[in-house]
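In the two complexes that follow, chain A is the common piece, with chain B as its partner first and chain C second.
Let's turn to the complex of A and B:
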């Protein structure tokens, strides 16, 4: 089932919130923790709200509003989102305060923002959208489930669905990642993470939203054909089979695919499979990587969705994302990403 | 987008059943529950009939408020829960509840060749691993000591779902919904939609949540906790009591239902998700989102308001919820059918409540019984109706509506019907 991408909004560790440009320059980080580049939030919220809102609440909500404005839609038909970890910074602010005062008197401000559905419902509140509002919080399937929800909604006769995902690196998460030795050793640069010697991931974050519609229009970026998730594949063969059957189910084939967006991240054991696929299966496609731009996080596939949208519309591939150039015109794009046991595939086509 | 062994994709069902509104029935083949009033469905049913409340003094959770804020705890330690389900007792309490109830539901369904079908697990929770984190976090704050940190983020709701999916042996489609107190209603609806669109044959759907100092202090900071056992829909209601537990149903397609030796008694005949878009934590005075959710669920089921025999109200006991919900119920129904909140029994179990209450609605249909709204005394002056106050038995219950409304204006209603 084809859905047209008619509006996009992305806030990430790169300058991505301005839809009139496409990665004009890549921001370099000399740390293993990438943080969102803030948009001018005063354009979206009044001063009082801004003071109360946590960081993710601001950039998550703003990304949704950018997508709606881009699509020229005041009220979407439904809102469905994914977030693996909800709003950890405000939640932990509340947790810290209750530990500090030993459960005596705590302010509800941060508790109010602590439920996972806060961003999704905040957008509903701002644009007065009374219809279906969902939030999936399942690790590397969070954004993918929201996409499935959007496809089901379309079948159920809802149109112009706002779908998106958002996550942030909290201090706790960053400390936990350090503890498990997942992170890249500092000093490091995000512009050099895919070399064989460089192992370890960059902690990342971001928010990306899309308006998906049944009809295409002059603002359409491209079409989203379908997605598929699979859990705990037993071996590389199973991954390969999932990729090939996914293409077949969507009436496509490996030959037809021009561009692969791979979730290669610097994580040794995971990248090993990805690199092998790049060598053996994706032999004629231009291969792109994106996690040096936004870092690794469980809903990073939403950033990749944004990247695919921009490429399809502009028919340009920025040098900064090219891992292997086979000089193919970007008409058909396949995304393969994974986060631990969660694997996901998405298929896009130019309009 | 296909998650399955079969060959049918969404694009192929386009233009077929769901577009024409003649979608297949979703049968409920099994149910499982654990709450303050029982560790399984039979114990819950006995407590419901015996008017036995689960609200009492807090004894399991370590909190300053143990003596002052009553709650509906499952009176088992994590070690005792772990012994019942086989998970490690170090895992989040939320996961221990989830596995106990989900396993009961799957066993109850007793589906022959369970493995041959395309099966999903759609679970809901709102606190994730918070019960573990809130204890460890103190050390992190004191000296940045990361040795004790658990890898799971406090709010990693999906961690809990994967633990349980692994134990149930479900791999095909796994996801987690977290829309505050409406979470498990949305999990059931999403599961039903995956079956209707022919992506799955079976979905174990519902939700779980455990008590935590985080939520207890959060609700307390909003001043919506009652210092006595809660009294929903009473004019003198003061607030809610928190609870904990899990509730799951096994949703199956018509094709699966036809293979079962124990025929399903109930179908999930309607559901709807709407947003109040009024305030982050409060309901609009007229209950707009509540109204739209109930109306949407009725529309889908093809039933008229007068066909509903019983409403399991969200009825948390907060002044705001009961008033908004009550006004919306009156607008939808005119003559309000028999209605009650079962939260005086279980407390408000947040992400688990629609799952647990789904089990109660099915029990109501199966046994021709309606559970009372315990402790009700005084009619709300703004409303024309009062809830059921006595156990009603030997009556015909064909269609039951269950409401769940949450933070963020998330409003969901589901309807259960007696299977033909």
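Let's turn to the complex of A and C:
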């Protein structure tokens, strides 16, 4: 089922919240923890609401509001989101205070914001959307599940669906990643992560939202054709088969694909398979990478969705994301992302 | 009483995250809700938590809330009256 991307909103560790520009400059980090660049949240929320909102609550909700404004939609037909970890910073604050006061009485604000669906419900309250509101928490398949939900809703005659994903690096999560040696050793630069000998990932975060509609309009970025997920493939051959069958199911082929957005993370130990695919399967396509911009997190495919949308509309590819340039006009884009054992594919076409 | 009022102002700013205010911006008799500082029902819950956590005082009758939480001074009066 083809859906048109009629509005986008993204807040990430780069300057992405302004839809009138496309990665005007790349923000360099000298650390293995990439944090969101904040928008002017006073433009989205009154002072009373703003003072209560946690960091993710602010940037997640604002990203959704940016997408709605971009699409010129006041009330979406439905809201469906994905988040792997919910709002851990606020949740942990709530749990800590619960321990400190020996399970007596705790702040209602942190309690209210400690559920995974806080952002999608906050957007619903702000835009008075009383329709379908769902949040999927399936690790690396969270955003993909929300997209599938949107496609199914369309079959039920719902239109102008706000789909998005959001996650954050909490202090606790960051400390856990450090302990398990998942992270790149500091000092490091996010602009130099794809070298052959690099080990470890950059911890990332972000929120990206999209208005998906049945009809295209003058603001359409492109079309979202479909997505597919697969778990723990046994070998490279299985990945290759998934990619080729996905394209076939969507009436496309590898020859038609102009651009591959690959979820290469910069960590040698996890990128090996994808580097081999780049060499053997994606031989004629321009190959892009994005995790040096937003870091690695379980819903980073939403950032890649934003990247695909901007490329399709502008028909330009920023140098900062090009791994291998085959000088093809970006009309058909395949996204292949993976986070640990969760692999996903998405297909996009220009309008 | 004056010391308690000053302490309360600092605690209210911290508990309600009123970062744009300084203690001296809040008048002793200034209404806290609606036309005053513009606090709302969630803030009222936060003030109940503050009373219990910082002063060990439970609001015996929730219907007293609007009177108790009317101003910083009325909260200070209630604390003085009920503090063990």
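Annotations
One rule holds in what follows: the second predicted complex is superposed on the first by the 350 of 351 C-alpha atoms of A that agree within 3 Å, B and C clash if a C-alpha of one lies under 4 Å from a C-alpha of the other, contacts with A are read in each partner's own complex, and residues count from 1 in each chain.
Here is the rule we go by: contacts are C-beta pairs under 8 Å (C-beta built on N, C-alpha and C of every residue); 3 or more make two chains touch, one makes a residue touch a chain.
This structure is a prediction, so every number in the text was calculated from the model and none was measured.
Because the two structures share chain A, they can be overlaid on it, and in that overlay chain B and chain C fit beside each other without clashing. Chain A is touched at more residues by one of its partners, and among chain B and chain C that partner is B. In the superposition on chain A, A:61 makes contact with neither chain B nor chain C. By the document's definition of touching, of the two partners only chain C reaches A:48; chain B does not. In the superposed model, A:136 lies in contact with chain B only, and not with chain C. With both structures placed on the common chain, the touch criterion links A:301 to neither chain B nor chain C. Of the two partner chains placed by superposition, A:16 touches none, neither chain B nor chain C. Contact with both chain B and chain C is seen for A:107 once the two complexes are overlaid on the shared chain. In the superposition on chain A, A:262 contacts neither chain B nor chain C. With chain A used as the common frame, chain B approaches chain C to a shortest CA-CA distance of 8 Å. Shared contact residues of chain A, touching chain B in one structure and chain C in the other: 104-108, 112. Remark: chain A residues 47-48, 51-52, 101, 104-109, 112 touch chain C in the complex. Every residue of chain A that touches chain B in the complex is listed here, in rising order: 1, 79, 84-88, 91-92, 94-96, 98-100, 102-108, 111-118, 120-122, 124-125, 128-139, 141-142, 145, 147-149, 151-152, 155-157, 170, 172-173, 175-176, 178-180, 226-232, 246, 249-251, 341. Those residues of chain B that touch chain A in the shared complex are 1-3, 7, 9-11, 13-14, 18-19, 63-65, 126, 128, 133-134, 137-138, 140-141, 144, 146-147, 149-151, 153-159, 161-162, 165, 171-180, 186, 190, 193-194, 197, 213-214, 217-218, 221-222, 273-281, 288-289, 292, 406-410. Contact residues of chain C toward chain A in the complex are 15-20, 38, 40, 42, 45-46, 48-49, 52-53.
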